[in-house]
Amino acid sequence: MKGPKLWIGAGVVGLYVLAAILAPWIAPHDPLAQDVVAALQGPSAAHLLGTDELGRDQLSRILMAARIDLPVAALATLLPCLLGTALGVICGYFGGWFDAIVMRISDLLQAFPMYILMIVLVFSLGPGVRSLLISFTAVGWVVYARLVRAEVLRIRQTEYVTAAITAGFGAPRVIVRHVLPNTLRQTLIYLTSDLVFAVTALAAFSFLGFGIQQPTPEWGSMIAAAQPYITTQALLTVVPGLVITVLALGFALLGDALQERKRA
Amino acid sequence: MSALLEIENVTVSFGRRKHAITAVDNVTLHVEKGSATGIVGESGSGKSTLMRTVLGLNRPQAGSVRFRGAELGARRDLATRRAMQMVFQDPGTTLNPARTVGSTLAEMLRVHRVVPAERVDARVGELLDLVHLPAEIREARPHRLSGGQKQRVAIARALALEPELLIADEATSALDVIVQAGVLDLLAELRASTGVTLICISHDLDLVRYLCDTAVVMRHGRIVEQGPVAELFAAPSDPYTAELIAAAPTLPGSTEESVR
Amino acid sequence: MSALKIKGLSLVRADGVTLVDNVDLALAPGETLGIVGESGSGKSLTLRAILGILPAGITATGEIACTARTAMVFQEPATALNPTMRAGDLVARVWRRHHPGRSKADALTAATELFEQVGIDRAADRLRAWPHELSGGMRQRVMIAAALAAEPEVLLCDEPTTALDVRVQAQILDLLRDLVARRSMAMIFVSHDLAVVASVSERLLVMRRGEVVETGVLTEVLAAPAHEYTAELLAANLGRRLKSESRESRESRESSESLGSVTR
């Protein structure tokens, strides 16, 4: 049962990555080239997915958008993961006042609705990739820190860590060689499911105008731009929407498969 | 013979003042160099806590621990740490699941520079041989090993540092009987060949009789009786010891009386 | 004329691995049978098959003919007892299930009697105790009382003393021996510890990797094991080893003494 999930998930994600890498070569048109005369056309041989309100080729824009959405989504999970893991390990291994402070801050952050907190942050920092990443990191580290901290507390009690301590190994060695590697699996599983959130949240922010700005092709902002024409050219909103959904599904399947593998 | 380890009036307690639990209560114990001492007691008797204190994993509230005549504090140099090693109870968590057997052993040798770097590989082979494990096991990760094999690797890991004192904390109690007998014979053999001083913590009186020459009986954090194994088991002076001996299940035909 | 008869019992896991292979077993009324084996020998699973409480995904084939009422005592009294139920209520509830139509007051009286029978002093007080207020030995006595409430003709014991300290173990073994004799119950006692099994059984069954390697009258099997695995088990028993060693050392002492007398 875990077989197909893993392969479908990995296949979908792999396909997106491939599309992002090859986009400049396989995109039939310049994604920024406007042709107002040919605006809002339906699918044709020249424009397989039609054109948008400025006559830009929709297929090329979707392909090129992968080069923005994928790396930004990856960074938006990786940065909080790194920050959270570092804090979680220090808190779990050493405890004490640092642990107490970090955990109180994380309590505070978790008490707020996550989306609202992120919107407030992005709004005050101004739109753009940089402020998106800052707000994702500032909010997202909490779960990683708690997850890793709990794992470290468990692993600290194991006999192999006690053996490493009685062998006189210093804390850095015990942490890096004996504790951290055994937390990675749990973190990786969460990271995969966190990507689902990052992909959809990123699109949502761009849709609301806080994220990546036009004319840079990005799935969320494409949906926003195509919104007025939803009755006449529905494909302009439907296709980017589907693209986001399928990618999120791919990550979700991957996360599920990893979770099941861990249990087995 | 001289005392390798001198535990003097050690008290260890946990928790805040009001709710403190005294795990080890004013214990004095001397362990001779080259001897094998068995510490027996029921769960909660403080036997493991006492040994964790010797290793520096707990701090005593009172008393002192001297090793090779020098007082041991909270901070210990690498040489002191190297000189006392422990083998633990649970084969399931005794080895780091992320590392191969070979890298676990090699790390010990490298960090302590037990042998020159170019000799590490060969020494890992010797260690595996010492605990009677096949050389191929070097590449294996712990989940591929049986419980007995894991405990043997744990013994090899401890011996890699060539310690003067080896503490076995219920090292065989999670193993099947036949495997247990094999590991106990290995410990006896290693003691004879390396001259390491052995302390065995066990709930099993027969194990202590089998492996050790001195027995220490602990209860509620105190030592109730200690002495040479033969004497202590033949004529226990404390009623608790007698009770423990009487309670131990024996196979028909394995008591001293039935021999006669 | 047997209380329990198993013929050709095989237990197969979902992935096709055979856990118990073609086990035959017969238990006469009032008889005590000890099953000894290492972890993974299938001894506990066999017991569970008798009660019909096999873990999910295991299919049983073969015949289990059990005309007698059975009850089971488990290894871990800490988890076998419901932590939100008073000890007396638990026993009373089991008793009422097997004595339909009787009042709660009757059940509590019966529970008090059962507590006294299993050697719980201040039985009336202890009825109201929560499981966490009881020691391991007391909890196991409560479990035995609950088993007795079903008025079993066959008592199944799965490593009931393994989690207990040696003095408490001796008390529980005494209790079981006494109860079996007094109630003329049959008992199957499963353990990895041959000495423990031997102390409560008339007949012995040795299992290894899902198969029965030897069965017979306890004293005969111990005196002259027919299978080499049984012999190995006996040889691994430290008490036996100590005996043979002391005999050896005595013999060597005697021989050196006689040598000494010759030279003198």
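Order as written gives the chain letters A, B and C; numbering starts at 1 within each chain.
In this text, a residue touches a chain if its C-beta (ideal position, glycine included) is under 8 Å from a C-beta of that chain, and two chains touch if they have at least 3 such contacts.
All of these numbers come straight from a predicted model, not from anything done at the bench.
Where touching is counted per the definition, subunit A and subunit B have no chain in common.
The most central chain, judged by C-alpha centres against the centre of all protein C-alpha atoms, is B.
Annotation: 49 Å between the Cα-based centres of subunit A and subunit B. Work out the mean CA point of subunit A and of subunit C, and you get 55 Å between them. Once the centre of each chain is set as its mean CA position, subunit B and subunit C turn out to be 31 Å apart. Of all residues in subunit B, only 55-57, 76, 78, 81-82, 84-86, 88-90, 93-99, 107-108, 111-112, 154, 157-158, 161 touch subunit A in the complex they form.
Against subunit B, in their complex, subunit A makes its touches with residues 158-160, 162-169, 173, 177-178, 181-182.
Considering their complex, residues 42-43, 176-178, 180-181, 184, 203-207, 209-210, 243-244, 246-256, 259 of subunit B touch subunit C. On the subunit C side of its complex with subunit B, the touching residues are 38-39, 165-167, 169-170, 173, 192-196, 198-199, 218-219, 222-223, 232-243, 246-247.
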